[in-house]
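Each of the next two complexes has chain A plus one other chain: chain B in the first, chain C in the second.
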Partner chain A sequence: MDTYLQQLLNGVTLGSLYALIAIGYTMVYGILRLINFAHGDVFMWAGYWVFFLVALFHLPWWLGAVCAVVITALMGVTIERVAYRPLREAPRISLLITAIGVSFLLENLIIVLPWASGRQKPYPTPNFMIQIYQAGSVRIQGVTIWVPLIAAACLLGLIFLVYRTKVGRAMRAIATDIETTALMGADINRVISYTFLVGSALAAVGGILWGCRYPRLQWDLGIMPGWRAFTAAVIGGIGNIVGAMLGGFLLGLAEILVVAFLPGLSGFRDAFIFAILIFFLLFKPTGILGKPLKEKV
Partner chain B sequence: MRRALILALAIGFGALALAQEPIKIGCLLEFTGACAAYGQMARDALEFARAAGIVPTEVLGRPIELVYFDARTEPVEAANGATRLIQVEKVVAIIGTMCSGPFLGAAEIVQKAGVPMIGPTTTNPLTTQVGDYCFRACFKDDDQGPVAAALARDYFGAKTAAVVIDVAQAYCVGLGKYFIEAFEALGGKVVATLYCRSGDVDYTAQLTEIQRVNPDIIYTPNYYTEVALMARQARDLGLTQPILGADGLFAPELIQIGGKAVEGIHFTTFWHPAQATGLGLLYAQKYKEHFGREADAFGALAVDCYLLIVDAIKRAGSADPKAIKEALQTADLEVVTGRTIMTPEGDPIKDFYFLKVENGQFVYATMIPAARAAEIKALMGK
Partner chain C sequence: MKPNWILTLLFLLGLAAFVWWGDAHLDRFIWRILNFGAIYALGAVGYTMINGVTGQFSLGPHGFMLLGGYLTTLFMLPLHQKKVVWLFTPLSWPFNQFTLPYWGFILALLAGGVLAVLAALVVGIPALRALRGDYLAIATFGFGEIIYVLACNFMGLTNGPMGIKGIPQYTNLAWSVGALVVLTYAAVRLKNSSFGRALRAIREDELAAESMGINVFRHKLLAFMFSAFCAGVAGGLMACLIGTITPDLFRFFMTFYLLMIIVLGGLGSISGAVVAGFIFAAIFEALRFVDTAVVPGTRMVVFAVLLILVMLFFRRGLFGREEFTWDWLLGGAKRAWRWAWARRS
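Let's look at the complex of A and B:
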């Protein structure tokens, strides 16, 4: 019994991390219809920024983490400005390819940076995150408590931003019809910059918490979580923020439970996850909470 | 008269250029990817050993030049690298790769091209079975696994074991299999066999399952990249069993990332500077003076490969790849990690070292001579 309780907790921890990354992923998609492949790499960079600031420049952890969020958010805006904006009128496939290019650039930049190199670096972890709490025979890491709380706060903040502010209204308008929104006098570029600012800041929060749970920095650490977050976003209904959160939790739980119930198949964990992705894409492309997308004229 | 002088000069310079024509040795090493630490340690060691004068930098009166290529810990990238080193750089032999998976990717190519390749730490038995141009400078996993099983039984007194295997690495899969066979042949019982994949970060599900079956020891023949995180999660979940690993753990990242959780981890490996003699002792001392840290087994074995190739060129009296291969097959040389006697199959006979992590350092625990591995295998009926 305790084993299953522990497994459930393992799943919730992993799931809430996926959820946090998936929110940012789905937000950019929902507004721009762009699958931002670089999202996972922006997430990876956030971890490295904490490493640079805390381990190399000896900032206190919290300050390093806050600065990392700000720098990563600005990185996201810069990427949009340099790589995506010039292609706004181009066919969507060009944008997708560019996103893949940006992803490779960000990964290889880390490899050639002298302070990072191809070798793994230890991520600096604050004690309150890695503290272990014992409840009966179940053991909980600080991260397990903090991540769902922070994810929920981010979700609420995002819902407020999208549904209660002027920028949010503009974002929703762009999601519906970008040309008409422009005709109405909204500053499209500014709104899209905001979208990337917020999306990348969410990726940064995800990356910082991910590091606390899995304190190992490597150039490719964003790839798998990026794909998982994409899967989570599809399960929840891509473009739907609450759906992404739900999808993340479900995916994390599924991943842990498949090992818990079928330990002999633990090597097929990734295959199982992506089978779920294919299943949803084939039979329920709108996900659990997504609305069918009207083809834009 | 003048014309004759020019001609004579031209011939003279030509001959000089010919005499100085360097012998190129390819270094197909992993500078990025899962085995980045090993490849970078190998490069550091090779450059250091040449600069410090521990190894010769010329043979047959010609300078030796090393040409590096990043194998990225990917079989396909290793294959590309081998092709480039042979066809474009015209190397006469290749040092690398550090890991068995990439080696297998490049092996067919070097075999077809007829250029010998010697893997410093490619322990998977399959690597030298590809052909007669494939060599290794280390022991094999079908010996390393049984030796680890014997240690689990004798040194730790373990009756039951759980095994966690990285299914994406030929190295880990092979080693896991040999350990299980030997552990059961030696009277132990493997109560759980679980799997993960390179790049995985979350092992809590596998570890919670291990906690449920509660074995005496956990054997995890994976790379440091995975084991550092796994050990942390194991200790966080309250698992207290000893963790036993393999040669892939001998990298500083294990301790940097694993922190307190990797204290007490034991693993089998090729060499330890504290046990070095002769050339190895000189190497270990100078290495520590130069880098301010202890020498590692990966670098030491890369230097061994270099020495074996140079010795083969010297004995063959030629830098022809085929002649080098034939000389390598009969090598018997004192190298950094001790005396290395090559077999015609390309597999040298080597002793086993057993290290542990203590106070954030890799410390020598014990040693098992090569002969003991043969005894254990005889016991298994092999």
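Let's look at the complex of A and C:
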């Protein structure tokens, strides 16, 4: 019983991390119809920012984490401003190619930067995340408690932002029809910047918490979590925020359960993720909660 | 028309003479760059058929290259080397029974290409029917990653992440440039046939093409198979050029290289892909000093920035969608001559 509970909690932890990353994919896709290849790498950079600020500049952990979220969010906005905005009128494939370029740039910058320089770096994990709490016969690490709580707070904040504020309404309007929204007088560029700000900030929170869970930093850290989160976004119905959260939790649980109870298959773990992704793209491209998109002639 | 035909023949003769001379006498460093250039160009010619000409965005050529590279290796690796490499898990039947001599290299390359084509059928039949645009890109990318994971896990065929070493290095300019010339010729003929016009119609407007009576799915699938064949042969040539392969050699960065090449050459231009393939190989080696002088990996930063800059400011690439023609070259030479003549002092 305890094993099940333990694994369930692990699954929820991992799922909430995926949900945090998946939001960024799904919001950007909903608005620009762009698969933001660089999103996983933005997530990876957040962990490195904490490393830079805490381990190199000796900031207190909480301050370093907050600064890392702010810096990463600004990074996301800058990427959109510099690399995606000039291509707004270009074919969507050009945008995708640029996104792949940005992704390679972010990964290789980490390899090249003298303070990060390729090798693995230890992540500065704060004490309250490592501490072990005992409840009856179940031993729980701080991470397992704090990660889902922080993630839930962020996701609630996001739902409030999207469904209860003016910017949120503009985001939803743009996702439905970008031209009409522009005619209604909404500042499209500003709203898209906000979208990247929010998506990257959530990815940053995810990256910081990910570091607490798996405290090793490496340049390719963002790739597979990024793809799993993207798969989660597709499972939930891409463009749908609640769907991305749901998909994230489902995928996190499924992954932990498979690894825990069928350990022989863990070598094929990544292949399974992509198989699920391709399966959904082929047979249920709208995901669980998504609305079918009409073909525009 | 007639003089162009003669010019092409002369060019091919000159190329053959150069290859014959180059394999024997060329400086090994430059020889290696030219080989890589030809292999990249070959992969890019196939890649631009599906990405540029047909406008269907695939991100899977690294998977096809992996298949071609490994199958060619399994055919060509000498038996004693097979015993050395597969220490922990024995090599599966039938590859532990035979090896091909030098003349079999062409069979091995063709087999690699055919295997890639079969894989393209498996992926393409469901994916090209149902998906387009970025979803197709993701599905083909996922295919490439699945192939990678399988290559890491099927020890009996691939020796897993440890890779295979001691592959006979049969690839030389005759093989790589020869394969490039044959498949480029095929690609140009395809592009200029009614089949190629149908592909371009699909790129411009799929619904309109379909309503004109073009079987969209069949055309896309054939273009995809052609691109897979080129990638498979390129993978085989690369394995027998480097002499050592691991699954990591054929990861997503390989597709990134090919993407750079076709973007630089101009999406949809076959001659652009060939020219850019050699340019890429040259820049790649020329920038090696950056890697050794600064930090390993700086090259990739430069390439990533270059790709972004090309996409932002120079989306046409070198050739746009046009092809190299002798008329263009002769016309350009004539104009340059007139220009210089008018400005003589």
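One rule holds in what follows: the second predicted complex is superposed on the first by the 292 of 297 C-alpha atoms of A that agree within 3 Å, B and C clash if a C-alpha of one lies under 4 Å from a C-alpha of the other, contacts with A are read in each partner's own complex, and residues count from 1 in each chain.
Operating definition for what follows: contacts are C-beta pairs under 8 Å (C-beta built on N, C-alpha and C of every residue); 3 or more make two chains touch, one makes a residue touch a chain.
Please read all numbers here as calculations on a predicted model, not as lab measurements.
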> Quick one: chain B and chain C on chain A, clash or fit?
Replying inline: clash
> After superposition on the shared chain, which partner residues are touched by A:Ile97: those of chain B (first), chain C (second), both, or neither?
Replying inline: second
>> I'd like to know which partner A:Ala135 touches here: chain B for first, chain C for second, both or neither.
In response: neither
>> Let me test your reading of the model: by the given contact rule, A:Pro86 touches which partner, first (chain B), second (chain C), both or neither?
In response: second
> Where does A:Ile111 make contact in the superposed view: on chain B (first), on chain C (second), on both, or on neither?
Replying inline: both
> In the superposed arrangement, which partner chain does A:Gln7 touch: chain B (first), chain C (second), both, or neither?
Replying inline: first
> A:Leu183 contacts which: chain B (first), chain C (second), both, neither?
Replying inline: neither
> Looking at the overlay, what does A:Ala275 touch: chain B (first), chain C (second), both, or neither?
Replying inline: second
> Which of 9-17, 27-35 or 99-107 in chain B clashes with chain C after superposition?
Replying inline: 99-107
> Once the complexes are superposed, what residues of chain A are shared between the chain B interface and the chain C interface?
Replying inline: 111, 117-118, 267-268, 270
>> Which stretch or stretches of chain A touch chain C in the complex?
In response: 33-35, 83, 86-87, 90, 92-94, 96-98, 100-102, 104-105, 107-109, 111-112, 114, 117-118, 227, 230, 267-268, 270-271, 274-275, 277-278, 281-282, 285, 295, 297
>> Residue numbers of chain B touching chain A in their complex, please.
In response: 31-33, 36-37, 40, 165, 167, 192-197, 199-202, 204-206, 208-209, 211-212, 225, 228-229, 232, 236-238, 253, 256-257, 259
> Any idea which chain A residues touch chain B in the complex?
Replying inline: 3, 6-7, 10-11, 13-14, 111, 117-122, 130, 132, 134, 139, 141, 213-216, 218-221, 223-224, 255-260, 263-270
> Inside the complex, what are the residues of chain C that reach chain A?
Replying inline: 55, 57, 126-127, 130-131, 133-135, 137-139, 142-143, 145-146, 149-150, 152-153, 207, 253, 256, 259, 263, 294-298, 300-301, 303-305, 307-308, 311-312, 315
